[in-house]
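Each structure below is given as structure tokens.
Here come two complexes built around subunit A, the first alongside subunit B, the second alongside subunit C.
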Partner chain A sequence: MSERKNITVHEPLFHLAKRAQIQPWKAWAIRLAAIVLGLVVCGIVAFILIERLHQNPDRIDDFYYSFIKGSFTSNRKIWKFLKNMAILQCISLAVTPAFRMRFWNIGAEGQTLMGVLGCIAVAFYLGGTVPDWLLLVLMFIAALVCGAVWGLIPALFKAKWNTNETLFTLMMNYVATFIVSYFLVIWVPSGSSTLGKLKYGKLPSFGHDYLVIILVVLLLTIFLYVYLKHSKQGYEISVVGESVRTAQYSGINVKNVIIRTMLVSGLLCGLAGYLIGAGLDQSVTTESVGGQGFTAIMVSWLANFNPLVMLITSALISMLNSGAAQISQDFNVSGALPDVIVGIILFFIIGSEFFINYQVIFRKADRTAAKEGVK
Partner chain B sequence: MNVWLNFLIDSLAFGAVFMYGSTGEILTEKSGHLNLGIPGIMCMGGAGGCLVLNMIGKSSLPGFLIVILGILGALVMAMAMGLIYSFLTVTLRANQNVTGLALTTFGVGLMKVIMSKLDATVYLVGPKMLYRWPFADRTDALQCLGVMFFLAVIIAVMASVILYRTKMGLHLRAVGENPGTADAVGINVTRYKYMATCIGSGIAGLGGFYYIIDYMASQEAYLSLEAFGWLSIALVIFALWRPHMTILGSTVFGFLFSCSSYIANIEGITVTMAAKPLLKMLPYVVTIMVLIVTSIRNKRENQPPASLGLSYFREER
Partner chain C sequence: MEKNMALSMRGITKRFGSVVANNHVDLDVYQGEILAILGENGCGKTTLMNMIAGIYFPDEGKIFKDGKEVVIRSPKDAFALKIGMIHQHFKLVDLFTAAENIVLGVDEDGRYSMKDVNNRVSAIAQKYGFHIDPQKKIYDMSVSEKQTVEIIKVLYRGADILILDEPTAVLTPQEIDKLFEVLQRMKADGKSIIIITHKLHEVLSVSDRVAILRKGEHIATVNTCDATESSLTEMMVGKKVSLDIDRSEPVNVQPRLEVKELNCIDAEGIQVLKDITFTAYSGEILGIAGIAGSGQKELLEAIAGLQPIASGQVIFNNPKKDKPVTFFHKSLRKVKELAAQDAFHDKNGAPMRFKGMTNAQIRAQVAAENVLFREDEVMNLRNKTPLEIRSLGVRLSFVPEDRLGMGLVGSMGITDNMMLRSYRKGHGGFVDRKKPRALAEEIIKELEVSTPGVNTPVRRLSGGNVQKVLVGREIAFAPKVLMAAYPVRGLDINSSYTIYHLLNKQKENGVAVIFVGEDLDVLLDLCDRILVINSGAVTGTLDARTATKEEIGLLMTQTTTQRKEG
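What follows is the complex of A and B.
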């Protein structure tokens, strides 16, 4: 039988085809399945890594409960979760316009850090000498300008000489980090390089400390959604992203679009920097952004560059992060565990996109057999 | 030995970290894959090697065997990471930037978890002298030039020879420039991409291992490793995608990076605290300059591989 099959027409066991379209519910079901699968693998990895867990395996349900416990069991935790999510969402929004244009800006980390530095610099030098409202306005302007400049430099070179933007923006992150540590050495004469909380330039708050930030980011999300989906500029961004040639034929000035879009990206990163600097920290360190500039890239991509869907993905990543932090606290393991868990879940979500975009078609064994008259 | 010579040797030894990282990344990029997971892969390479040494560090095995097993540990762990990356980007055609960043998040985190469980008196104290053969007894800078430094140089030269002097290298470059054409000539695109990514990752992983066990040889070394992974990606640009150029480039980078600590020892030069971060910034600024200059000059042989960052699907036009 098997020998006979070998002489039939060779058809691979399965082949791949690109899906024309997929119903949204199916796509989300695939993603959900991927997350569940990822969580299972996380459990296995945690089982190997965490001693307390393989000593008493029945604590595994504690392990999974931590993901909820980390974010939702007290008012304080809920606010903290919302704050983390808002900042992550803000940076993710910032990288989105450029990504829709297929401009791989991985410099959000540096652009945001420059925003923080800009607004803290203003607070440091002018704090106490100008009225509070003016100080806040100046800080705002400084943050936006710094973020925008950091985003514009790679864009100008991309537009003029087609310089590789991925590598350029990546390098700019580190330049920003060292500029921050340079200023820290200058500002802190003691040599400890840690700047204490500044007394001036705190964003006024009402209701709750974090409420202003959360509302600003929500408004921004809606604004960006409208800008990208329902404005002429947003349309131009999509066209350039789909095909530069098409854009040129239809009379879009591609260079201008690149520069303008990166300006928007940089400005939004600057705004995120302002929210971190003036709204939360009142200080700056080289770790002020703490890798969120990179996480934001994944958040934005997972949401398929849609600002509204991004609310879900940034919530998911924030939840995983604080859940895993809870685990490393409860089970007494290294504080790096959240990165491992987020990494694993991301692998699964990234992998699941394949099954959304492509379909696997298996060989129909019977038909081949029948054709050859074997059966 | 005078300060300058010490300085040069230290730059060479430090540079070997980048030499491994960027040789590995060049191989990967030549197959058309921009692997931003290199920092994570280097970290996991370091963790893999130390994990093995943690088991055999105090055993009575002969010295050379300990050295080889450590290197193999690093190689295997890093290649496993490369396998994750290539499965996601080659087979599942995922976005390379996102996959790479996720791999870095994962690798750096996992390395920290693993390293915090290992015992430095076992994996570090004994083995580090073995890795410094043949200069282990020296007290000057020369002691840093151990087995793994020479291995780095050999690998970099070999990679260049393979890439530019063999048929296999020609095929690999063809895959990176235009996978469609390569496929049409009958080159197995998928196999080349997998091989280049996994072998490249293995080489990069050795860099992380070298940094922890030999160059820094300290318990806290692993905490500062990630930054050098990113610097290795920078070095690829600096070396214009030629592995042998990384020997020169990594020395320059090592020079720039360690000058902040050496320059103060040179008579007649005073360095303020504030200048140190600026000196450390230099490698990145220089890389940006190189990137800009090559894009302005626009010489064809100095450009990144044409299909860098793009997934290949045969049925797509």
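What follows is the complex of A and C.
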């Protein structure tokens, strides 16, 4: 039988197989290759979309240079990049405990916004009437309480009635936005709904305006790493995340863990809100958080929920954002282009995970030849 | 025997990552024969068959059907070649009728007429001696009826090679006999039947030839008439294995766990346990037999505090034991009062009344754990959480059926899994990984767990090693009662015997062992008594030393009204 050679065989061109394990350097090589490939595609897209590039192809160098220029060319830009990264990192840390528990909290945006609102409300009403240090403390408490409440509401519903946390937290974002609009209408009678910078309640600065924020977030990163990795509560979070049945078997009160963990998430969001409100803006708008609550989900996910690795991913995403913004400024193109660029690169980064988990096996060359012989 | 080749495979290789599931396997199947594929779990039996059925595509090798080379890329290709597979996990739509499931996915010319289909299904059933109602919905069917639907589904598509993946795993002895009769009839009709199994006596009773696989390689194909249980095992495992379980006589038997009139109602309002009453004694293994889903899982979970109990009692008889008093629950004044009532004694059993001692001296004595009292003997575990049960000092170990979904955390290493039941120990908010790590290393050494390291996620370990980790942890807890649900399911012969040996050792140490099993031969060899349950009620208790498989099989399908005491 086996002597029959030239038979028509329709073997598929390639098939996929799950990898059992991959060496870390290989995984990183795949990720790096994906980013490079993403940048190349960005260049091609930009070449097609931007007229100036179209007419003068040599300027493609400028295109990539702008990317780096966005974050690193001046002292001011480096500080700004570090600040952006710190805030993003803080919110990413906030969503992480819940995510490790497989509680898909996509309400960090709203929780952080409520934190900003809480601390600004205190500054608005009490500014000037109490000593500065007391005002800052009260603002801090208000931010944490607001963030925690916003995180606790969906957690209580989940624990009590097993509601879907994803929808619930998403909707809570909109509620938060409208609450902010409501207060802006009350606080700014002129009708412009833009609250100017408040005079009171600014975080003291050492060295540089942003240094306090960066240090706080660094400490928080270490704290959360230890909390998740070495504390009993962190252990419980991992067990609940893996399997509720296992958690019950081991005697863990799953409801309590859900509530407690969302409390932690909410508190950290509140803290991020405080850093934004008291540390940077001294004001609140519906755009105070600016979508970072959603970006944080990706940062946390890409880092595999590891607070230390998150430092890398939040830096990467911040760099992408400021680089893309710089391009739109330098080339004088529409504000949608940065979104396109960020989208393309993220697509490649996330897509690369597929090739880390699976391998593609192509049909062997000799069989291909055999197939082409007969039809 | 006819010698017409129906299917042959040459040099079939399949890899999953670095794991070679099949390594250059050659296999021939003749027309009109029953070929058994025998091998331990994970030796690549199912993978090999999946490649014939179009589920997987081989990395290397060729398949020939009736002498012609073929390429099978999908189940559709397989059906076109008249190859059909009956999977271990049925692939049926619950809401459809038998006939609708059978016709699902069949691409026929002409008008779609359910009546025609029903008639054809009935005709096939009649031809081979099945009993089936084509209009019955799947959700109303028993496991064996569902299997019948799967088989007819394949026959309906005109298959002349049928592959059955562990068809007997879920059937009672009587149902197995019936299935084998049907298989013989199909064989007489000229069909080739491939049956995957790891039960030796079934291989010997039903097959014509046996192909043995070991670690992905084809070891040999022998005629069944020339084979014996021990020769097959030797080929399967690669070395001689003793198939005897040493069963010692129970010593110092005392009632340890008494379950009385236990009733449980699940979340859907269905009564899953009905008036269950039994006693587990120390120093014996109590087997629980029953068709899958008869309430075994619920019974163990109710005892472990994981399933709400509607009515009834779970009484735990703790042997008398000296326990040191602490100030954790009692104040100094209370301790002094109790001492005056002769509640305490020292390590030699002499009463302690703290006469002439200062408060500081009393405190020192208590702190040194010299002041002992006798613990309560009887405890009711009804509606206590697992945590409460443990804090009562009841050492109840539980090896659940779902190892990675309940007993262990798949993504964690062995060390972290060791802490699962004990991580609360110690003060402070941080976990202590030193002791769990030592325990993990001890279990790896003692039970010969093969793992790259203590921190390798247990999900990556083989079924046998996962089970060793779980059983090891539960035994390390020094239990008084050890409950194990299907502890050898999916394990190879060597690992299975390791587990039997461990359970026997626990029994000799005076533990009351409750063993839920599915292989009746093992239950009869290992246990002292066997409790048979059906639909959540006890249908009989048998002495394992005198009972027969048929007796158990009968009780497994009997209803409570025909209750019989053994």
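Here are a few things to note about the model shown:
In the analysis below, the second predicted complex is superposed on the first by the 342 of 375 C-alpha atoms of A that agree within 3 Å, B and C clash if a C-alpha of one lies under 4 Å from a C-alpha of the other, contacts with A are read in each partner's own complex, and residues count from 1 in each chain.
One rule holds for everything that comes next: a contact is a pair of C-beta atoms (placed from the backbone, for glycine too) under 8 Å apart; a residue touches a chain by one contact, two chains touch by 3 or more.
From a predicted model like this one, the values you see are computed outputs, not experimental measurements.
When the two structures are aligned on the shared chain, A:Lys232 is found in touch with subunit C, with no touch to subunit B.
When the two complexes are overlaid on their common chain A, residue A:Ser250 makes contact with subunit C while staying clear of subunit B.
In the superposition on chain A, contact of A:Ala17 is made with both subunit B and subunit C.
Contacts of A:Val185 after superposition: subunit B is touched, whereas subunit C is not reached.
When the two structures are aligned on the shared chain, A:Leu337 is found in touch with subunit B, with no touch to subunit C.
With both structures placed on the common chain, the touch criterion links A:Leu49 to subunit B but leaves subunit C unconnected.
When the two structures are aligned on the shared chain, A:Thr166 is found in touch with subunit B, with no touch to subunit C. Touching of subunit A by both subunit B and subunit C, each in its own complex, is seen for residues 17-18. Interface residues of subunit A facing subunit C in the complex, by the touch rule stated above, are 1-2, 4, 7, 9-12, 15, 17-21, 230-233, 235, 238-239, 242-243, 245-246, 248-251, 253, 359, 361. Those residues of subunit B that touch subunit A in the shared complex are 34, 36, 84, 88, 92-95, 97-99, 101-114, 116-117, 227, 230-231, 233-234, 237, 273-274, 276-278, 280-281, 284-285, 287-288, 291-292, 295-296, 298, 304, 309, 313, 315-316. Of all residues in subunit C, those touching subunit A in their complex are 8, 10, 15-19, 57, 59, 62, 64, 67-69, 71, 73, 304, 306, 385-387, 390, 398, 400, 402, 404-412, 416, 419-421, 423-424, 429-431. Considering their complex, residues 16-18, 49, 104, 106, 157, 161-164, 166-168, 170-175, 178-179, 181-182, 185-186, 191, 291, 294-295, 297-298, 301, 333-340, 342-344, 346-347, 350-351, 353-354, 357-358 of subunit A touch subunit B.
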